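Some notes on the structure that comes next.
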Amino acid sequence: MANAIAAIEALADVIIANKEKLTELDAAIGDADHGINMTRGFEAVRSKLAAVEQLKDIGSVLKLVGMTLISTVGGASGPLYGTAFIRAAAVAQGKTVIDIDMAAQMFEAAIGGIKDRGKAVRGEKTMLDALEPAYEAFTQEMVKGESLTGCLTLATAAAASGVEYTKTIIATKGRASYLGERSIGHQDPGATSSYLILATLTAFAIEQEV
Amino acid sequence: MANAIAAIEALADVIIANKEKLTELDAAIGDADHGINMTRGFEAVRSKLAAVEQLKDIGSVLKLVGMTLISTVGGASGPLYGTAFIRAAAVAQGKTVIDIDMAAQMFEAAIGGIKDRGKAVRGEKTMLDALEPAYEAFTQEMVKGESLTGCLTLATAAAASGVEYTKTIIATKGRASYLGERSIGHQDPGATSSYLILATLTAFAIEQEV
Amino acid sequence: MKKVINNAEQVVEEMLQGLVLAHPQYVKRVAGFDVLVRTNSPVQGKVGLVSGGGSGHEPSHGGYVGRGMLDGAVAGAVFTSPTPDQIYEAVKAVDGGKGVLLVIKNYTGDIMNFEMAAEMAAVDGVKVAKAIVNDDVAVENSTWTTGRRGIAGTVFVHKIAGAKAEQGANLAEVQKTAEKVIANVHSMGMALSPCTVPAAGKTSFTLSDNEVEIGMGIHGEPGTHRESIRTADEIAEHLLNKILGDSELKAGDEVAVMVNGLGGTPLMELYIVNRKVAAMLAEKNIVIAKTYVGNYMTSLEMAGFSITVLKLDSELKALLFAPADTPAFVQF
Amino acid sequence: MKKVINNAEQVVEEMLQGLVLAHPQYVKRVAGFDVLVRTNSPVQGKVGLVSGGGSGHEPSHGGYVGRGMLDGAVAGAVFTSPTPDQIYEAVKAVDGGKGVLLVIKNYTGDIMNFEMAAEMAAVDGVKVAKAIVNDDVAVENSTWTTGRRGIAGTVFVHKIAGAKAEQGANLAEVQKTAEKVIANVHSMGMALSPCTVPAAGKTSFTLSDNEVEIGMGIHGEPGTHRESIRTADEIAEHLLNKILGDSELKAGDEVAVMVNGLGGTPLMELYIVNRKVAAMLAEKNIVIAKTYVGNYMTSLEMAGFSITVLKLDSELKALLFAPADTPAFVQF
């Protein structure tokens, strides 16, 4: 479990380090709190993980993360990321290592959770615009026989393009949708945090390999 | 009456022209409205004088001015200047010209009105610090046999020194008194408007002479 | 950022403490949660009303907990929807056996968090219904957007649905009344200046010296557009015309009006706005049954205001006029 | 200056119009004057209460006209005492044969103008008494100054003397009760930012980004000193200690507390202040009978607050708890 916990800690570090940036992105098209919300959530995650004695599997770690995000983040991103982690936890229940197939299933489940909760589709300027192309890239490489880290690397690159893409479209979900045309030109904060999460997990996986 | 009315109109011009300056002085040690208050009053005076058909004597003109100031200026300066004009009006009742004796009596009555109403004495950083030395200078010159305009000129000079003097003392009456020591260094707005009134009347009297 | 606070992270906690200390006759805290409920909660045999949202909108929502209005209010972080566990606690604390109505402002985050709480409560066998307020006509309503935002009109939902619940109506009836209010209430706001979320430490937008934001949301979200400031009458006319264009008001209709300050606007200015609103409605022979002027749904210290018009029928009117006794809304 | 107004010269007139349009059930205008009185004025057989002062302190004073509080309110120009003729009209309009109490805040201008009005009314045979409020402990009380200013404590005078008058007390009794309140009420304020008098068009002072003014008056008059901003608890402690130092409160005493916003302060911050005030009083075993938190005596859009503590005896307490029904102060 040390690995899973270390990965979550790496996530927390990155989110907290990007608090200002995420908040600024949200200031332009939302209510200027995305970084604050996510930081509050991941600080809570960090202290919860530190406090919990023994988590027996990856599923337990992810469930704790999801529950903690749900109960501390609030706003739109809390239920969305929280649900994503809980759905991924269900896949990882009882597991102590992650192989590429399981990773794909977890990824799919997480995105499914976000879609169930938020009822958004790709192209609405949300986290899905980073996550869905990333998932597609992941599976595309997976069928080609790429390694987990290879797939993750390409998924991260796809998420980065997805973030760029959010600048070009009108928001039709979330708070930014009130802006209509005025949302064009601005990068979606949630897509950005999704990219950061993916990039961090990728870097973590690569580090584990060496 | 044309003269008395013209004199009051000259007063109105000067007060209105000094609206900003008087307000700024009040901003430093009061509530930033002295120029606004006086302007509101003298604008009302101006339209009242224009509207009134026939004022039969100087007393009537001054009473109208006093009543108008009382009912439009408000604050501390309204009752004070209003009472001053009404007291002066009583002296000038039935009169159509002003000689030097009458001028002295009117001056004394006006100051008496301010003291009755405001219960201040000289040295408290109020309009009295301009008016009392001015009155003393006036009577001093008068007993020496000076002309009305000569007396007024010296009275105005004394008022100017009085205004300067207010910079050196602590306010113990009016709104500036809340400041205590912090009122030192600032010129009293009411003393300044008193000086302006006197200076204007003096200039007017000199103009009439030529 | 110049604020009278101790610690940006503690503002909600300390505010709730200060509120309970100020109004112990009205509200108590659900221990361990950012939830205020009536001192006599749960009121047996009465439908419970729970609302809430991000903090920073005070007196919304804690200020409306009391007889004739809310049973519980959940306080999220500043401008951030509260989390499901908090809402769930509020529902449990106020359920007197007749179920609980959740009054939710239409924001993605609020809806998701309240829905999750409703799911949690349903598992416990609590009957939960929802009413989603979307009174802000600044935002176009289309199937392609999240829909209109909930702003100051929410206070009328609290008042009227609260009165209905107080009368002993069942959950479906209270929900139906809330939905009738929602169908008949329209609002629009504007801002002269931004506000600063304590944890952010700086304003989320800036306006130049003579610029205003029309259609401003209550969380610092940008509005429909910016323009140079105009007179109070012109601004009020613009907002009210938008509102009237969206409601189906006609001569002879009766309405309630709210001129709501966003937190930093002097009451003097709100009354100057009300003067124009009343004149315009009079001109159209729309009858004002009751007017509220003040800070009801704020955005911290933002300067600006919103106008809300609620079309009344005899039911809504009677319920609006019913007495209420809460920290921030008292009416005989 | 960015304000929601039409014309700086018309703000008082238009505000009064807007206020009457908003609250016709409470107040009517004395035609031709900036005077609001109860719709049923004069109330026969009841002592009339008249207060007033410069405008810009809304809801003071027009917001307190109604059952259990004021009979009439006179609105001067912004931050400028009303003129005697206006006050005189108010007195005449509310005199129901038992005389009229003038509640005056202790400012040179207010006192002179109200006194002149009293003289005018006395000529007409109206019995007039005065109560001069001087609750601001920021200003040292010495025979060498004008004395202390009247600030938010004035609202308690309105409430309690108003309740006394409502009970049918005679003029001397109402005056005596008002004076008892005045003897027992102490306040002190602070400001974070200035405000702009519309006719002036600019702020009367400036404060740098981390500076506050302690002991601020309600007309933009400077306070006792400036300092760097501290925490809410430290500021509240400083003000409350000054207040406690001036009152003779001891363990077991009962008080009413008002945490008053100056117009631009979020309610959230006022509650954070109240938390500290309540904690300090609890520590000293001073019992808080009732707390008011909100904008009661403002300075346009100034950010800042004041704390008021009123020592109660059984008479004052009963009168404070008596019902009141006015536009801005409603209490069951």
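The first chain written gets the first letter, and so on, giving A, B, C and D; residue counts start at 1 in each chain.
By definition in this document, contacts are C-beta pairs under 8 Å (C-beta built on N, C-alpha and C of every residue); 3 or more make two chains touch, one makes a residue touch a chain.
Keep in mind that this is a model prediction, so the values were computed, not measured.
Enquirer: Taking each chain's centre as the mean of its CA atoms, which one is farthest from the centre of chain C?
Expert: With centres defined by C-alpha atoms, farthest from chain C sits B.
Enquirer: For chain A and chain C, let me know how many angstrom lie between their CA-based centres, rounded off.
Expert: Chain centroid spacing, chain A to chain C, equals 32 Å.
Enquirer: Quick check: how many Å separate the C-alpha centres of chain C and chain D?
Expert: So the centre of chain C lies 29 Å away from the centre of chain D.
Enquirer: Suppose each chain is reduced to the average of its Cα coordinates; what separation in Å results between chain B and chain C?
Expert: Centres of chain B and chain C (C-alpha means) sit 54 Å apart.
Enquirer: Which chain pairs here would you call touching?
Expert: Touch list across chains, by label: A-C, B-D, C-D.
Enquirer: Which stretch or stretches of chain A touch chain C in the complex?
Expert: 23, 27, 29-33, 36-37, 40, 70-80, 117-118, 172-175, 177-180, 182
Enquirer: Chain A touches which residues of chain C in the complex?
Expert: Within the complex, chain C contacts chain A at residues 54, 76-86, 107-109, 112-113, 116, 138-140, 144-146, 149, 197, 199-200, 204-205, 217, 219-222.
Enquirer: Could you list, by residue number, the parts of chain D that touch chain C in their complex?
Expert: Listed in rising order, the residues are 2-7, 11, 14-19, 21-23, 55-56, 58-59, 63, 192-193, 195, 209-210, 212, 229, 231-233, 235, 259, 263-276, 278-279, 288, 291-295, 298, 300-301, 303-305, 323, 325, 328, 330-332.
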